[in-house]
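For reference, chains read A, B, C and D in written order, and residue numbers begin at 1 within each chain.
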Amino acid sequence: MSKKLKTGVIGLGRIGQIHLSNLMHHMPDAEVIIASDVMEESHAFAYNLGVKTVTTDAYEVINHPDVEAIIICSPTPFHVPYTVAAAIQKKHVFCEKPLDVTIEAIQAAEKAVEDNGVKLMLGFNRRFDANFSNVRSLVEANKIGDPHILRITSRDPAPPPVEYLKISGGIFLDMSIHDFDMARYIVGSEVKEVFVKGDALIHPEIKEFGDIDTAVIVLTFENGAIGVIDNSRKAVYGYDQRLEIFGSKGMAKAENNTSDTLVRFDSDGGHISLPLHFFLERYETAYRTCLKSFIDCVLNDTPSPVNAHDGLMATAIGIAAMKSLTEGRIVQINEILELSHV
Amino acid sequence: MSKKLKTGVIGLGRIGQIHLSNLMHHMPDAEVIIASDVMEESHAFAYNLGVKTVTTDAYEVINHPDVEAIIICSPTPFHVPYTVAAAIQKKHVFCEKPLDVTIEAIQAAEKAVEDNGVKLMLGFNRRFDANFSNVRSLVEANKIGDPHILRITSRDPAPPPVEYLKISGGIFLDMSIHDFDMARYIVGSEVKEVFVKGDALIHPEIKEFGDIDTAVIVLTFENGAIGVIDNSRKAVYGYDQRLEIFGSKGMAKAENNTSDTLVRFDSDGGHISLPLHFFLERYETAYRTCLKSFIDCVLNDTPSPVNAHDGLMATAIGIAAMKSLTEGRIVQINEILELSHV
Amino acid sequence: MSKKLKTGVIGLGRIGQIHLSNLMHHMPDAEVIIASDVMEESHAFAYNLGVKTVTTDAYEVINHPDVEAIIICSPTPFHVPYTVAAAIQKKHVFCEKPLDVTIEAIQAAEKAVEDNGVKLMLGFNRRFDANFSNVRSLVEANKIGDPHILRITSRDPAPPPVEYLKISGGIFLDMSIHDFDMARYIVGSEVKEVFVKGDALIHPEIKEFGDIDTAVIVLTFENGAIGVIDNSRKAVYGYDQRLEIFGSKGMAKAENNTSDTLVRFDSDGGHISLPLHFFLERYETAYRTCLKSFIDCVLNDTPSPVNAHDGLMATAIGIAAMKSLTEGRIVQINEILELSHV
Amino acid sequence: MSKKLKTGVIGLGRIGQIHLSNLMHHMPDAEVIIASDVMEESHAFAYNLGVKTVTTDAYEVINHPDVEAIIICSPTPFHVPYTVAAAIQKKHVFCEKPLDVTIEAIQAAEKAVEDNGVKLMLGFNRRFDANFSNVRSLVEANKIGDPHILRITSRDPAPPPVEYLKISGGIFLDMSIHDFDMARYIVGSEVKEVFVKGDALIHPEIKEFGDIDTAVIVLTFENGAIGVIDNSRKAVYGYDQRLEIFGSKGMAKAENNTSDTLVRFDSDGGHISLPLHFFLERYETAYRTCLKSFIDCVLNDTPSPVNAHDGLMATAIGIAAMKSLTEGRIVQINEILELSHV
């Protein structure tokens, strides 16, 4: 292994641009050999950052002889094909979430990665947010005791266009999947059961294609803890990302981040700042820390901090959530896994 | 009606003493004619406060010719009998919660009260806590918009003795019932469905008699809002009483009250004060405001702010919650009401 | 000494009414024998609370054979005459602040009290506010280390009428005197020097009679700490009463109290509640605790928690502050004390 | 003027490295032609970032024909000589603070800059901190009304070594000078008078060479506002950087920044995070925004946001503060300026 990790980036959309900028500016232990995107218009972004080679062909990135690790930021349907191809070429893989929306495809990727002895890390960047990783550290340090109740509030500032929602895979795999991963990460135990109550309170028309925009999700963990997630596609005051873990020894909660710490008082009341607007602002540092930890795990040959199993479980919870909503009952995660012969 | 409301107090236990002290010291529009308790040891408390007549016989209070309103602080099984007896005597009634643990008994009380044209108010004192009543005012003033998500955290500092738990009626009718009333009060809509996930994580032995000490309760409201309550019998850091309402126009939340506003920093970190220890400290003012609003509603002949229907619905939600826990499914409130031919 | 302290109250103005209500309702260890006020219109207030005897003659209170302790709430010029008269009658004295605006009169009161072996306590009620007394406890417990910097913010919601300001004795003896006492209390050391910078920024016309409405006051303490007080007669957002002590081991600060803990977010920002409006709301409990500690110190024969020396020093700092403002220089407290041959 | 500003950096110490990194990574509108430092060991840092030419001779930077703007990060005594030399070469200058410790030298720099029609910006980076610039915006938008009282708390986590303190120029020119600039910036008015009370409470030995480590500084502004700064060289809980402006319409305050928003409760109390440790962490973004605004002002030919006059006034206040401490009296800024025939 070289001292600097030689990477190739597939996909130059919004997330791909974030990862590429971070690689060029903030990762002294990595370099970018090549990048790709099917849209030629996006190539200028990479050239301007100093990438020498940019192509429309993802496989040129995967097969490039100097490339040691692939950063996959393509649309979801290509995540598994590119992961498998990269693994066969003995390249390490960092892949955006979700790895896939089916259990079977995730398992295929997992097998390819294991068979070829390469590392796979998923971009569940919120685990690397200082607020949440510090809550996790408190749980690990037994400052909370046995976890009893987990609460996650996760609300977007505004819903995507209805056209996007139609192809999004539904709120659970598109939006809540981050919270499912967060729940497993914070509690440190597998989810056993899911129950969902939800509705389309913001855009009633999305019910037509079976989606919702407001949800309360109850999770039961193998260690006995109970979790509850509340999701909304539209919080008019901004991106609301908080969580709280309660246990036998105490409680810890992470509040929102704001652009400043101002408090202003006039005769009408006291006024404080809104949460940071959306994920680009809130998780700017987390994206960087997440990618850096992939580079570190490859260079130091340590286990991937977020592996295929994590991707599989997050997707399984998402599928179970949709089933619970549709059937109006508790769904066991094992039902989902067994359907797929896991 | 006299200018000062002439009251009689039944029951001089912990809550009875709070109401009696408030009547003697803080209610210039009321006076106490007589008080009763079956335990003679408790009579000194009333005499010391200046009550002229104290008896062991509750019916002496109810039947006293000068008494216009009865404050019932007896054990729960006597709430309805005393309410009915008082109504027949054309006396107004303030009764501690729950009015009863069965729908049928509550309906009997409701009928007696209506037939005799007297007022009945239930002691859901938390509605009169400044934090919560101010949140309700924001909802009424349409500052939140259409309510989408309600979150209530309600955790006690320490569980009662297991011996008490055996006869408590279960966590839902003993503890969560306050939260059920709060949910209806804040959202301003009836609860339609209940789903519960719970466990005995603090005292596993209470499972033997069907009780739990940790619960997550999902409520569906007729106006479409979804609510979630989390309960624990033991928060080692004190009495945790918070809530949050989220809607189309924004969000409002009420945090805990503390004994002081201190923030201390040393090299180990920043330190802030614990929540007020338990309900006597947290709801000291709410108890007073609650009782005062009963006196006002009688003297001014305005509707009771918390009536028999409120008691009936809180109890019905509690019964539904227990059924949901036992049967592992969503329970409709109508199932409970129809069983009782409401 | 009787088990219940027999008191007489002189003065039924705003503060007198607070003390009398507290005595009647919240002091089981005290009773009120007699009250007085020169204005007959104010007598009804006392009669309504249940006081048996009310007079226009303060000396009837002082000389009443059953009275053991006098609560003096008269205008300031009568504080010392009544204190001396009560001491001669061997009555204990609780007196509102300031004891007097001259050092000589305070010394006369101190001498009378000592010669007659009675207790004198001054109504510096803010020492009994939970926020401030808890900060003091942290200093005493050496959680702050050696005190280095004290900051007090003390701002009124609105200035009194200009007519009152003309006879108020000036901002330092009328308003800042509370802060001078607080400074000595928190730091636990005597003030050595005073420097003032101030102006009439709200009502420029009060400069004509030598007063100001905005001040920054620097205090030097004998233990080396430096303090700074900022005062304003008009904070449009309410009564602003905060302080902070900084030392070698850390820092503690007390924030304002509010009517509720609400936080509301809409698309315009976050909104929190104003500080409690003024001293009656903010110090309601402190008034009670203050008076109770007087009754306790008499009944238990313990030292007065706020004695004549405390009154003398607060007044001396006030006189020094005025001198510093007028002469534009640092003034030593000893200058003031020596002028009075203390 | 080229589209990208061609810069040269003088000095590769701690601050020089920050500015150089920002230029290389975060300033798409600037490029670095050359850098210099007398210490050859520091050159590797610049080479590693991709700077092509690094020299030991500052004048090679100033005289480089392609360089349009000089970033001066040398020790203070060289600030004015390099500024003057650059101005003569018609190069724009960004210079670290303080411009100099004497009024005369600052005036010389100011004259050179004006005579040669180039821009000079001083690195008072705190003006570009989001907390403080947002407070300033509130003042400018008249949300505070007429400013009455300004409070600045500025405390370092730990003092520099005593050896450094001996040559630091004293607390006022080394540390408080940032607060003097902040005071003028927030209030938007010139300082007229200074009064200081201070002591060496942390390291008494520094009194020997006339320095102190704890100070309370009172400022009077031309618009009538009064300001107070409290400084300490050692806050054991970290870098304490807060301020508050109070005026006729309300108040705004900026609190510290922390690494996370965690609140943890256990049976001992509530626990929150410390302020960010020191200026590198707290002002990381402000350094970047500050430098960017220099580049923008040169490229767009707009006035320098922090000019020589700002440097002159901050230094004059520092000199006045030292005089006030030594002489124990109020010092007029005009005394200082007139001594220098300004």
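By our rule, a residue touches a chain if its C-beta (ideal position, glycine included) is under 8 Å from a C-beta of that chain, and two chains touch if they have at least 3 such contacts.
Chains and their UniProt names: A, B, C, D = Inositol 2-dehydrogenase.
Because the structure is predicted, anything quoted here is derived from the model rather than measured.
Participant: Relative to chain B (Inositol 2-dehydrogenase), which chain's C-alpha centre is the most remote?
Facilitator: Farthest by centroid: D.
Participant: Look at the interfaces A-C and A-D and say which one is made up of more C-beta pairs in contact.
Facilitator: A-D
Participant: Counting in whole Å, what is the centre-to-centre distance of chain C (Inositol 2-dehydrogenase) and chain D (Inositol 2-dehydrogenase), each centre being its mean C-alpha position?
Facilitator: 42
Participant: CA centre of chain A (Inositol 2-dehydrogenase) versus CA centre of chain C (Inositol 2-dehydrogenase): separation in Å?
Facilitator: The answer is 58 Å.
Participant: Centre to centre, by mean C-alpha position, how many angstrom separate chain A (Inositol 2-dehydrogenase) and chain D (Inositol 2-dehydrogenase)?
Facilitator: Result: the chain centres lie 40 Å from each other.
Participant: Residues of chain B (Inositol 2-dehydrogenase) touching 2+ other chains?
Facilitator: If we look for residues of chain B (Inositol 2-dehydrogenase) contacting two or more partner chains, we find 236-237, 249-251, 263, 265-267.
Participant: Which of the residues in chain B (Inositol 2-dehydrogenase) come into contact with chain C (Inositol 2-dehydrogenase) in the complex?
Facilitator: So the residues of chain B (Inositol 2-dehydrogenase) touching chain C (Inositol 2-dehydrogenase) come out as 25-26, 130-131, 134-135, 138, 143, 249-257, 259-267.
Participant: Please output the residues of chain A (Inositol 2-dehydrogenase) touching chain C (Inositol 2-dehydrogenase) within their complex, sorted ascending.
Facilitator: 236-238, 263, 265-267, 269-275
Participant: Report the residues of chain D (Inositol 2-dehydrogenase) in contact with chain C (Inositol 2-dehydrogenase) in the complex, numbered from low to high.
Facilitator: For this pair, the touching residues of chain D (Inositol 2-dehydrogenase) are 146, 148-149, 151, 153, 155, 193, 195, 197-199, 201-202, 214-216, 218, 220, 224, 226-228, 230, 232, 234-237, 240, 246, 248-251, 328-330.
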